[in-house]
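Structures are listed in the sections that come next.
Two complexes are shown next, each including subunit A; its partner changes from subunit B in the first to subunit C in the second.
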Partner chain A sequence: MSAIQPVILWTDALVFALVAGVTGLVLYIRRHEHLRAPWAGVARQPMAMGSALVLAVFVVIGLLDSLHYRERLPDSPPDKPQYSVEVLSAFDALVGPLRTQQEKTYSAPLAMHLYAKEFVDHDGVVVREYPRLKYGGAHLESAAAHWADIVRRVLLGSVQGLAIALLLVGVLAAWQARRSRQSYGEWLTVFGTGRLGWPGRTLATMLALIAIAIAVLLHLAAGYHVLGTDKVGQDVLYISLKSIRTGLVIGTLTTLVTLPLAVVLGIAAGYFRGWVDDVIQYVYTVLNSIPGVLLIAAAVLIVQVYIESNPELFDTAAARADIRLLALCLIMGMTSWTGLARLLRGESLKLSTLDYVEAARAFGVSHSRILGRHIFPNVFHLVLIAIVLDFSGLVLAEAVLSYVGVGVDPSMYSWGNMINGARLELAREPVVWWQLGAAFAFMFTLVLAANLFADGVRDAFDPRLGGRR
Partner chain B sequence: MFAYLLRRVLYAIPILIGVNLLTFTLFFVVNTPDDMARLQLGAKHVTPEAIERWKVEHGYDKPLLLNRDAQGSAQFTDTIFFKHSAAMFAFEFGKGDDGRDIGNEIVTRMGPSLAIALPVFAIGLLVNISFALLMVFFRSTYLDLWGVVLCVVLMSISGLFYIIAGQFFIAKLWNLLPISGFADGLDAFKFVLLPVLVGVVSGIGSGSRWYRTIFLEEIGKDYVRTARAKGLSEVRVLFRHVLKNGLIPILTGAVVVLPLLFMGSLIVESFFGIPGLGSYTIDAIQAQDFSVVRAMVFLGAVLYIVGLILTDLSYAWADPRVRLQ
Partner chain C sequence: MSTLLKVEQLVTEIGGARVVDGVSFTVATGETYALLGESGCGKSMTALSLMRLLPDGGRIASGIVRLGESDVRALPEREMRSVRGGRMAMIFQEPMLALNPVMKVGEQIVEALALHRGLSGQPAREAARALLDAVGVADPVRRLDSYPFELSGGLRQRMMIAMALAGEPELLIADEPTTALDVTIQAQVLDVLRRLKGERGMGMLLITHDLGVVAENADRVGVMYAGELIEEGSRADFFAAPQHPYSRMLFRALPRAGDSGRLVTIPGQVPKLTEPLHGCRFAARCPHAAPRCRQESPGWQALGGQRVRCHFAGQLGDAVPQAAGEAVTSQLTQPAADLLRADTLEVHFPIRRGLFQRTVGRVRAVDGVSFTIPAGRTLALVGESGCGKTTVGKALLRLVEPTAGTVQLDNETLGERNLARLRRQAQMVFQDPFSSLNPRMRVADILLEGMDALKVGEATQRRAAVARLLKQVGLPDDAGGRYPHAFSGGQRQRIAIARALAVAPRLVICDEPTSALDVSVQAQILNLLKDLQAELGLAYLFITHNLAVVEYLAHEVAVMYLGRIVEMGPAADILRTPRHPYTQALIAAVPRLDGRGGQQARLAGDQPSPLDPPSGCHFHPRCPHASETCRRVYPRASTLAGNHVVSCHLLTPS
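This part shows the complex of A and B:
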């Protein structure tokens, strides 16, 4: 008997399978010099490495948010434990009060008063004023100390963040100096003058910025709602952070679905030609000629009907939302594999006429062996570039689809749902901008980091841009 | 030339049949008319009689593919497939859930859609090419580098942000243009301005970066070096040679979307209240009006295939090395 019951949702399982796959791939690449070389090229680019660090922060939050569990109800009998229907994650446990400290309705970022005036009872005298928040700024005696308190928290957070970053960089520097058999001072000189061979200074700066941002946020969030609260009084920072997982899942799992289809069909069409090529080309022209949003809409409506007519299959609301998220990934994958497939078809068409492939064929090497040894390794860079380039587009597409009403489940935290729920609030007076602003800012950060990283990967892997290596 | 065109048009037919079969499967086989009726009626009103009535009203009370009760050719024609899917080849889309003829709606809504989509397309192309040329002119300087970074930043902003920010700042805060709406004739101008502006700005990032790569690829070629060796100025090289040759892939790439402009833009139209095909589609999706969605799928497929054929023709027209056989 335990206090919690682990819950593995479908997307959780796939996310961790993906992590395992990527880890395996990294270990494989590390052992092969020719595979390592282009990645070393990525590692030399300051822009790519800086954004990789930002992406890593997002991924850590997303992974923490993928460890789901259900709490045991406190008054259930020990021999027959009952669990809450609410599915929480390790991330929820970590940020604790952020989730539970709910206000009444809207409040502005860092505010100590509610957004709307209410009748408040002051010892029998009823006054119409902005009531104090239950949690935001509750530690303050009066509004006079408000800004001083915020400035104090920001300064404290900055100093602590900087200190932590310096400590981290110092330890890492010591480790690097030992590895390269230099004295500490020598290594720091090389590091300081930027002759390291990899963008050490950029990484250190980014590390410091991230550490400061996290420390400041922690200090502020302990006393305020940093990004305000939404209509039902929930902390917007919490919602935005929870939405990270949704964005990452859509960006990665969709490509995971796309990949086998695109690779198998694209290479098969280019290599075997003849009727195989005709059939595959026919299939992807048909799929391509249907406007993507409409195909996704049709399929999502069908999934919705299925979920509604089979409620017994899903025991919690989270499981229901999760299956819809997975279905969305599958559907988006089914509609978006055609681009990569066409690219791979063209490339393998070219490759299959090259001398060494002809020679292999003349020696009687089997098709599967030629495909595995000669064709696939030579188109792999295209696959990789497509994965990283597609990611940001998929994250942005989620918001649009949620607006159309065929995105993720309305109960799921996602930037698209945040935007959809808040876009009419701009008409209010005074304007409620923080929910929209937060969703756009988080989405922008993730997509920009992904785009810059993707550019770095493309520069390093695309042989047509060979001059820069 | 004519034979080629004919073959391409004939090749379009199996593709349209494929699209038709796929939509038929999605809308009638996987998702049966009973499911649709249940979804439409809502949980409270679901009774077998209500479902039956809904199906009769919408003409979904027939067998899917083969009607055994009918006589002669009616065995095939008096079915859902023939009445609702095959009829689309004759552009007979039937009626939407609001009782209006879909074909009529499409014809009247094309105008407003084009009023937004065409200027966005044309101005966008012009602006993107100009930006791309500017970056190419200052290539490998800081101006070019920051231009590319700016492009990536613009690309990373959600399209919804451009719309919401445009409506909020330009229309609401500064009162320069109406927030949304549409009017006939010349009055439409002030309503069209903001959506077009938003459409153009949201496309600048990806568009000009893409064109910049095309121009840079051109600029490395031999004929450009020859032109410079002749002593032509950089501006002249850029405009007379690079621009002209770079335009071939740009314009032929743009041709494929030309017919799809009729469909309008889903999001922009729905935000700005333009009574075009895009907002029609969105409304249909949100109201789960399947007959409209089906019609739009078919229309989109037809226009896409027209675009493909036009692309082939434009290649042959723009580049004398391409022969159509």
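This part shows the complex of A and C:
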């Protein structure tokens, strides 16, 4: 009898399928020199590798948050276990108290008191004041020690973070030195002068910064609500971190829908021409002339009606929200494949007249083989550039759609919902800024890292920039 | 004659490479100085250095460039702008890229006139008209209002020359001015340049890779190799007795009339300029190289009017290295059986317009072409670009669907049913070795593709076949595991030939297989093709515009004009005694090494569009002998002695 029951939501399954696919692709690329070469080019760019490290942190959080389970109810009979309706994730288990330490309502970042005055009963005397928080700063005797405590935690976190980073870099250095058969000192000299051939110093610096940030956050979060609490008293840091998964799922699963459509239709239109080309062009021209938001709103409403009229299909609220997220990915994918398809059509049109395609036709090679061996490998770099460039656009689009109210389920943690929730409070005096600020900061970091990484990928893959040949 | 341009010890670097390394020469007023060299030798970079128009990352490291009295390197950029196009003008290779496609050519010329001569309004237009007159543009007033896309290649190049002349330059730099043009048009443009130089007393720096162009136009010649000038002399001296081993080998690599032996090839490759170079740069490829050559860079040695950078200057005698082995061609004495017979082959492309894509016209790319290729023989298909010769090749292989006519292979008519059989028997080698190989496939996979598709041989033995093919075309054993980008242009063309040979065809259609290659590499490919013919008994359909190559390789020649064959017969007959006026003009237009070309009358005008061919004989608007009959009736083919067929009214017994 296990204490938990694993739950595999639709998006979880797809996310892990995607991870498996990417792993397979990486293994395939490693074995092919011409595919590996541009990636080696990406690996040489400090900016791209720094952002890749930041992205990796986001991805790890997102993946941990995709391992869902339900806890067994403590009073359920052992022979017929019953499980909680609340779906939790490995990430929830990891951050533990962050989720459960709920205050009454708004409190500012790192505060000890609530943000609103209340009547408090002091030994029978009712006083109207800012009450102390249940968890934030609860360990402190009085407000006098507040700032000293914060400074102490920041310093302690910084030192620990730095120590961990140094340890990590040291171990990595030992491993690298062994691999390149150098002495430890020699390797460090090469590393220090930046002649490694890959941006070791940038990576080490980024690693140290991330380690320090995590350590400081851990120390602060143990005693305070680092980014304050929201209207129902939930920790904003926790909400922001939970939103990462939503953003990543939207950014990646949507491309899963986009890619087959764009690649198949785009290449088919460019290679076969004639009526195939005409039909595909008409389809995407029509699709392009319908406002995207309208289509998405309509589709999301249909899904919502479906979910409400078939409640028996979904055993938990999480499953309901998840199906809506998946629907959103699907419909965004359906509306956003046209750009890439048009690009691929043009490129295939050009490639299909090249001599090596003619040569293959002269051998009587079948269409599917020509498409698979001659056309697709030569447009693959465009697909890749499009994926990484689209990712950040999709993350931002989710925020806009949720703000408008046609995005993810309101019960789902997402940056768009955070912004939507913060909208009204911005008019309040004094203003509640931390919800909006946190959503902005997290989204900004993710999108900036993705864009910088995309720039690196484009530089390495785009033949016009002379990365190859 | 006074010295117009003086270049001393010019060194230009791009990235870490010294692309021009210590080049010195002078150009006098009224003189044409030709810089001769193969691709990548630094001749264009020398020109761009003179104009101070180097690409990003390039800089002039040292040296002196004097134009008249002024030091070009010391001029501030402001003054340099008035020198460019003013005192020193440049013509580029590709006129379509050098003209602004959205501006009328008249406006572009007036722009240059306004900048350098301060003209505007009506006087400027007058001056522009005069310039077009000078470069021999017919109907100049109308042409001023044309856009570049409305002009043919030859006219565009004339417009470029007119623009270059707008600033009345003292020095004209022509960077491969005719490489992109057909021979007949090349002859016209070179005539214009020669005449203008005489009239205006300009100095001219002519940059080219073509010995024939040099022979007909230059007063003095400088040969460049790997960034250095290695030989210099007057045209007469240079062509009478080239001194540097490299120059000599260049001459020997050229296919020439009546010489059916092997061509001399230059082994190895040009050294990489990014690496430090010691000694003579040609030493690694030179048949005369001695230890001294590898250690000590030779200085200039004067030999009469010539100077040369070679340790053995003057000691090499006249003995030019002979090719190893004698002629290996197996001249078939008996007429072999016909392998391929094309009968009134026709390829018309419909032009569709309007909402319902109605067919409003047809481009008659190939318009009733008949010929036969005997087994083991070579038929050369010759003509200017746009005459439909490539389309013929593609139609034979059904890469383009013929609209009418039949193709027979071994007396069996080809259709959809026996297409696979055709593809076993006939294969194609393309012009551009860079676009004909998929950059993302290994060489072995490229060679296997045809064998897999046509199921040639046992699957287990195909790997062995790849190794045999690589050996056959002279590539190293490990080539199979590499990707095409690791190979040079000539090696890529070898891979393309090996790919065609992989399915053991009996006919190979070669579509200008050497026109993208340097002379010395062209010689290697031509030798290879000839060896393969002797060894495997291949038949070739050799599509080309280069008549010298035809003479070297072909048994029969067919001359195409506007989709039809105008003359066909044994190669020697056609090249010695051409009967059709078009063939005569084509042969006369080829620049000759003895510099005695250019006497014959040039062919005027351009090839008309195949969309709307002239009535009667297609050639009559350009033909000096055209009569009333020619304007009305297309001439029947008449057979002369020795299987020589000509379609011309002059030869039809009336």
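Criterion: the second predicted complex is superposed on the first by the 466 of 469 C-alpha atoms of A that agree within 3 Å, B and C clash if a C-alpha of one lies under 4 Å from a C-alpha of the other, contacts with A are read in each partner's own complex, and residues count from 1 in each chain.
The rule we apply is simple: a contact is a pair of C-beta atoms (placed from the backbone, for glycine too) under 8 Å apart; a residue touches a chain by one contact, two chains touch by 3 or more.
Owing to the predicted nature of the structure, the values given are computational and were not obtained by experimental measurement.
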item	value
First, second, both or neither for A:D355, with subunit B first and subunit C second	second
Residue contacts on subunit A - larger count, subunit B or subunit C	B
First, second, both or neither for A:A299, with subunit B first and subunit C second	first
First, second, both or neither for A:F363, with subunit B first and subunit C second	second
First, second, both or neither for A:E33, with subunit B first and subunit C second	second
Which superposed partner A:L396 touches (first subunit B, second subunit C, both, neither)	first
Shared contact residues on subunit A - subunit B and subunit C	none
Subunit B to subunit A touching residues, read off their complex	14-15, 18-19, 22-23, 26-27, 30-31, 35-36, 38-39, 152-153, 155-161, 164, 167-168, 172, 260, 263, 266-267, 281-282, 285-286, 288, 290, 293, 296-297, 300-301, 304-305
Subunit A - residues contacting subunit C, complex	33-34, 354-356, 358-366, 369, 373-374, 377-378, 468-469
Contacting residues of subunit C [partner subunit A, same complex]	394, 397, 399, 419-420, 423, 427-428, 430-432, 435-441, 449-450, 453-454, 483, 485, 496, 499-500, 503
Residue ranges of subunit A touching subunit B (in the complex, touch as defined)	282-283, 285-291, 293-295, 297-299, 301-302, 304-305, 308-309, 392, 396, 399-400, 403-406, 419, 423, 426-427, 431, 436, 440, 443-444, 447-448, 451-452, 455
